[in-house]
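First the structure, then my questions, so here it is.
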Amino acid sequence: MVQEYSVLIGGQAGDGIRLAGGSVARLFNRLGYWVFVYNDYQSLIRGGHNFTVVRASGKRVQAHRNKVDIIVAFNQETLEKHGWRLKDGSIVIFDSDSVKAEGLGLPLTGIASKRNLPLIVRNTAALGALASTLGLEFHLVEEVVRSSVRRNVEENIAVAKEGYDMSGGYRGFLRVQALNNPPRPILSGNEAIGLGAVKAGLKLYVAYPMTPSTPLLHYLAGNADELGIAVVQPENEIAVIGIAEGAAYAGVRTMVGTSGGGFCLMVEHLSLAGQAEIPIVIMLGERPGPAIGLPTYHAQGELFFPIFAGHGEFPRIVVSPGDAEEAFYLSAEAQNLAWRFQVPVILVADYSLLESSFSSVLDEGRVLIEKPKMWSGGGEYKRYLLTWDGVSPLAFPGTAGVTVKVNSYEHDEYGVTTEDPVLTVRNAEKRLAKSRAIEDELRKKETVKTYGNMQAETVLVTWGSTKGAVVEVAEEHGFGVLQPLYLNPFPVWEMEKHFPGKKNIVCVEANSTGQLARWIMFHGFRVDRTILKYDGRALTVDELEEKIKEVSA
Amino acid sequence: MSLRLEDFSTYARNTWCPGCGNFGIERAAKLAFAELVNEGKIRRENIVMVTGIGCHGKIADYINVNSFYSLHGRAIAPAVGIKLANPMLEVLAFVGDGDALGEGLEHTVFAAKRNVDMTVIVHDNRVYALTTGQFTPTSPKGFRGGSTPRGAPEEPLNPIELMLVSGATFVARAYSVNLNHTKELVKQAILHRGFAFIDVLQPCYTFFDTYKYYGPRVYDLQKEGHDYADWDAAMARAREWNYGGEEVERIPIGIFFKADRPTYEEIVLAGRNLRDASVPKISGILLRHT
Amino acid sequence: MVQEYSVLIGGQAGDGIRLAGGSVARLFNRLGYWVFVYNDYQSLIRGGHNFTVVRASGKRVQAHRNKVDIIVAFNQETLEKHGWRLKDGSIVIFDSDSVKAEGLGLPLTGIASKRNLPLIVRNTAALGALASTLGLEFHLVEEVVRSSVRRNVEENIAVAKEGYDMSGGYRGFLRVQALNNPPRPILSGNEAIGLGAVKAGLKLYVAYPMTPSTPLLHYLAGNADELGIAVVQPENEIAVIGIAEGAAYAGVRTMVGTSGGGFCLMVEHLSLAGQAEIPIVIMLGERPGPAIGLPTYHAQGELFFPIFAGHGEFPRIVVSPGDAEEAFYLSAEAQNLAWRFQVPVILVADYSLLESSFSSVLDEGRVLIEKPKMWSGGGEYKRYLLTWDGVSPLAFPGTAGVTVKVNSYEHDEYGVTTEDPVLTVRNAEKRLAKSRAIEDELRKKETVKTYGNMQAETVLVTWGSTKGAVVEVAEEHGFGVLQPLYLNPFPVWEMEKHFPGKKNIVCVEANSTGQLARWIMFHGFRVDRTILKYDGRALTVDELEEKIKEVSA
Amino acid sequence: MSLRLEDFSTYARNTWCPGCGNFGIERAAKLAFAELVNEGKIRRENIVMVTGIGCHGKIADYINVNSFYSLHGRAIAPAVGIKLANPMLEVLAFVGDGDALGEGLEHTVFAAKRNVDMTVIVHDNRVYALTTGQFTPTSPKGFRGGSTPRGAPEEPLNPIELMLVSGATFVARAYSVNLNHTKELVKQAILHRGFAFIDVLQPCYTFFDTYKYYGPRVYDLQKEGHDYADWDAAMARAREWNYGGEEVERIPIGIFFKADRPTYEEIVLAGRNLRDASVPKISGILLRHT
């Protein structure tokens, strides 16, 4: 049987729960495990209830389970809320200074305060204790602390050791087996998107803070020097996309990141990108709406919106990764496609993809910057030269002898405004030609992924991070899984290949109207059932197993 | 070979009304471009005009230089992006009063605050002209237009004052009829290192004919020894005329204020060139994620 | 045979072409004719080329034809551009001071200048001449001038008389027959929308100018006193909808009007209306996009966008009138539905509906203000009381003993923010319940209109003003026509009723991707062919006849 | 029966950090409401709070009066609409510095320009707090946050100056620690007929702890005899501190400027009541269309 452990760490906002989760994940990572880290936090800065679930397994896992082997509780609420997750043989590690419980109690607050360290070092002490219950050697803890803590490193190691040494009878209680794998990078969707874009030539990231895209802003800003990029935060999202489009016009690869509300404000500029043919990548982070909704929770509520946003008709690409690896490669592909076709590309990413962390095996050598169609230098330059595929050669301002005119109005080939009916039709057809060229290109790419037994009668269809739970359940129960990576143009050719003969097509997604299901049906395919979850929380493996019984019976 | 005004013309048919103040701005801009190129101070291919939407925006079609004809109210943000992408470019935003002081006011204020090295030229006809004559942020109270048949209910906003408190480092006003003066201001604005703002009083012959009003009132600040290094003096001059009506006798034009401070792109880029095509290795970063 | 005349008036912007068209329409109106007036103008203020086609007929007509009986030319370009429209027996009336042509030349410029009148009075002189060629008595001209001219009335009458008297041999050339009908109001779609809304209780109209919605702003502002409403023009479209939503919260019926670009800026507030349950009507005027596109021309480019705009999932109604009468009644219905269900209603109206004028028979008595579900006054007030249909009773701030809290976040019944998963699900289900209640309500309403022979094998499906040409051609050729008035929720129940057995479903619309056709197909119906026009100009009857031959052959 | 602070509380669990300056604003607002109601100057049911999104916005949940919890940056436009719909209401917008001076700056400027009779209270913590600490329009240059690890590249905007040039008729600054002073300003702002603006210096304990900075520096303008009828004096006082750092020794709080001019809703409504349910006959209008 596959070795597998789940650890839940809970406390208040400000307790550093997310950091603690990261450290635990690193610990298992160094033991050769695949890890998945799910973060659940509220829209507040102190107090409330936050928790993180780290799942570590001998096989790749990308969703969490309801039950856990260890709970690390920094407050009583954690046990009240999550006690039901304990199984036979589970352990509770808790701060005995503030929590009453059975299990391994440690005076975590006292450990911190006697050293005059901030309360947040409770994490490190708990990490030490946890490692001890897992029967690990201390040097592993020390390595993890050194790799993840920035301030008070030596003190943290001392604190960890104290926790380690205090585990008493729990030492080795869950004796974890080291696996024979090298550690893998643990990346959130946000981080993977940032790195993928940079590998495909991103030089300017522009964003206004908004959950769940804010970590991408912080990550790129924090690593800007090493990545050789600039990161700017303007007055609002309209400025964000305006600045990015200006920079793209001047020849620089850009990306903007936001969530639904900010995306709304970018929609007019999306249409501008369509008319003026400006390459732009928009990362649309999803959270439960409408309006402000639940800012720090999970949903897949925007499938149709990015596909149909903006006035008028113009080509666009909508891409939807489901884990950090896909996020990395598709973010890079988004850049290349945007520049190849001079269109907006919207990268839709749900909360749990962006804010969860995944063990990821990335090959940076696989990502190349595709050179866009550039002006060859011969003859007079026409920004909107009519071509068979609707794509005109690019030139950038600053090129001697060239005038680069882009235009929000209908225009002639030079970019000068026109109201002529013939040119109007020609431009509409230029856009249609591009749409066709994009579809032709996508037919050559991997636009859907399949998992499990595609010969089975039941195929689960899903998108985004929901695939984590779906793939696991399907593999267990012998179903097939189809996950579209591209939502627009929608890879109907793949559906045609995979759907015939299936008796039971079940869509699984995190919204209340079954948007992917509707989108599939809109294209003439049958969907038999939907499994929808819209309480703001990502689907767990167990929940899906429950629900799947109902629909596959 | 020395460039002339005509060298900056395009084949586009001009559709401004006869008598429109925009012709003066167009001439001033073309002359300023030609002279600066001839003087070796800028390169023609480095000029980029970004325009809003309105009668003013049509200038993008009429001048044969790089241009980004943007959305209504949204010229200034792309201009900032262009400058960040390539600081060698001379970026000018030609905007409307409705456009840059109404629809997209925030971008104007923030570009000034940041001291982006660019020039904003407001075609301030104090009316939404292309949409046939509604009141704008700079229209006088009581202005009668399609949406306000009984007169605009609001006091105007004074863009000079607004720019002075927003941090603009070059704040000027021009009158489109005074071609030479306008041209000189445009040249100085382009050469200014930092955010330059020129509010050009541009009569709209069709919807708000202000020729007779401005003619006898405008006077040149520089001829009256105004010290543009003095912010308080600039504010006092700005307040001589608040974009109202008959009661005022003198309207200052020229440079109100000029100062020197670091530009946004200097600070943000810190010497980095975003057009540099090299791509970093990320293996080191990935290692830190293990 | 039905009596019918078409008159084209052409000149430059600033020549008053549109006014002249209005006067000609009034002339025929007083003779008992149905009229349709199509306006074609450029995005400029002076110069360029503008023209207006007035079609007058003994039967209701709502589209123009290519050929005309009379051209009134204020400049040479008019003849160059429109000469091909002349038939045998057509007349050209022209300003002999500036135009060389055969026909009835009058020194129109001279007539104006010798009296020191602005050049625009050329219109009135031409009107006089036109009336004379139609064999009308002068008092009719005088009546029309008095009803349509505001300044220099007596001078205009004198000028008209001069034109009338100069028609020489053309007097009575086209001897038009008076029909025995009372004159009907001639209304543009904009005007009809304004009046319909007012009859349904509109008190505040908020807009930022944007073609083709600007005339609605001007019309309501110009008649604000008589209509008892306030009209305000704020700093931008975000403020427009924000102000309107604030006023709606405080209990006032509002409407906002814009076009695609402005609508883009309202999309975040659309989502707010969905979450906070604020009744709001948005008039979305269509013109060719993307981006600025062709500001003063015709398109039906926004079907999907209003249906899917906004982040998150929430109910909304999208309604699409096809002529001024429908605009009047549907605008009123939009108000009532918005308030009944506390949802956003988007009234999609294309350029040619908004800017053309239609003879319209309106019964203002048919429009009632439906009282929304109001708080009864008993017990504690809960703004978001859960009910079976998802609609909670309304109360407005200023009511003693009541606290009205609306919220952009997920909230409990009182309107206080929540992040609770159970309440989150409940609220999503409240929104789903509303969607169902809306559909139930629409099933009782007229949601599609049919015309022509619905037993025929070929049914033309269309929306918006395109129905004008479609209905006429269908009636002539024995086809049926189906026109959905509601686009969302889409009246599939009507399709189910009307589509079976039809061999040939043809969608006719003014866009390049066939949005209505796709929308129908998305709902599982077959569409056999599309006739798409996307050069910025409205379809004429003749053009459609040409194209229909191809597809019905 | 006289109302007390607690009468304005709700059952909502407060989630501001311990030590947050927002508590002071909440108390000041509740006390101001209670006192004004007790004094018979306003009616409780007529109070409407409109809030933006950010830590500040949570105040909508915590005070038991009518509220419109709007979008980020979009509190002020709904507030204007509410006032137009029912001028009897006392409309207050509780907004953030990022919210009302960044995201939705234009609405703030235009509400001031129009002199809408409403009160805007900026919870000016000079940081995007709820999104975990990025620099805002009023953050000092060099501010280190998640998006600017090497320091914010921009000079701050001075909202007092901005409001002075925008036409606000009541411009004040408060410090959330000075509860009584803040409460009095809120009361005066509500009673002021016209657009009242209070920039409340509100330390964010977690992301920008400014207690130590403000404490010794703030002084009360009214105690130093500042003449708030004098616009120039107000501007001079506003410029004593430009939201920068250590170099400044004194930070004025209190009323900078106060003036009287007609309000927007008076002019726009001209006596009309939009809640009047009567519907006009349009037959006369239709006749004019024949």
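The letters A, B, C and D name the chains in turn, as written, and every chain counts its residues from 1.
Just so we're on the same page, contacts are C-beta pairs under 8 Å (C-beta built on N, C-alpha and C of every residue); 3 or more make two chains touch, one makes a residue touch a chain.
Please read all numbers here as calculations on a predicted model, not as lab measurements.
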A-D or C-D, whichever has more C-beta pairs in contact: C-D
Chain pair equivalent in interface to B-C, over half of contacts matched, among A-D, A-B or C-D: A-D
Cα-centroid distance, chain A relative to chain D, in whole angstrom: 37
Centre-to-centre distance between chain C and chain A (centres being mean Cα positions), rounded to whole Å: 44
Intercentroid distance (Cα basis), chain D paired with chain B, Å: 31
Centre-to-centre distance between chain D and chain C (centres being mean Cα positions), rounded to whole Å: 41
Overlap residues in chain D, where contacts from two or more other chains coincide: 53, 69, 71, 102, 104-106, 109-110, 137, 268
Junction residues of chain A - those touching two or more other chains: 42-43, 235-236, 261, 268, 272, 276, 291-292, 408-409
Residues of chain A that touch chain D when the two form their complex: 14, 42-48, 207-211, 214, 217-218, 221-222, 231, 233, 235-236, 261, 291-292
Touching residues on chain A, where the partner in the complex is chain C: 42-43, 259-261, 263-265, 267-268, 270-272, 274-276, 288-297, 299, 301-302, 304-305, 307-314, 408-410, 419, 421-422, 424-425, 428-429, 431-432, 511-513, 515, 521-522, 524, 534-537
In the complex, chain D residues that touch chain B: 102, 104-106, 109-110, 113-115, 137, 153-155, 157-158, 161-162, 164-167, 235, 261, 264, 267-268
Chain A residues touching chain B - in the complex, by the definition given at the top: 26, 29-30, 147, 183-187, 191, 195, 198-199, 201, 203-204, 206, 223, 226-230, 232, 234-236, 238-239, 241-252, 254, 268-269, 272, 276, 362, 364, 369, 396-409, 415-417
Chain A-facing residues of chain B, complex: 10-12, 43, 45-46, 48, 50, 53, 58, 60-61, 64-71, 74, 76-86, 88-89, 104, 106-107, 109-110, 268-269, 272, 274-290
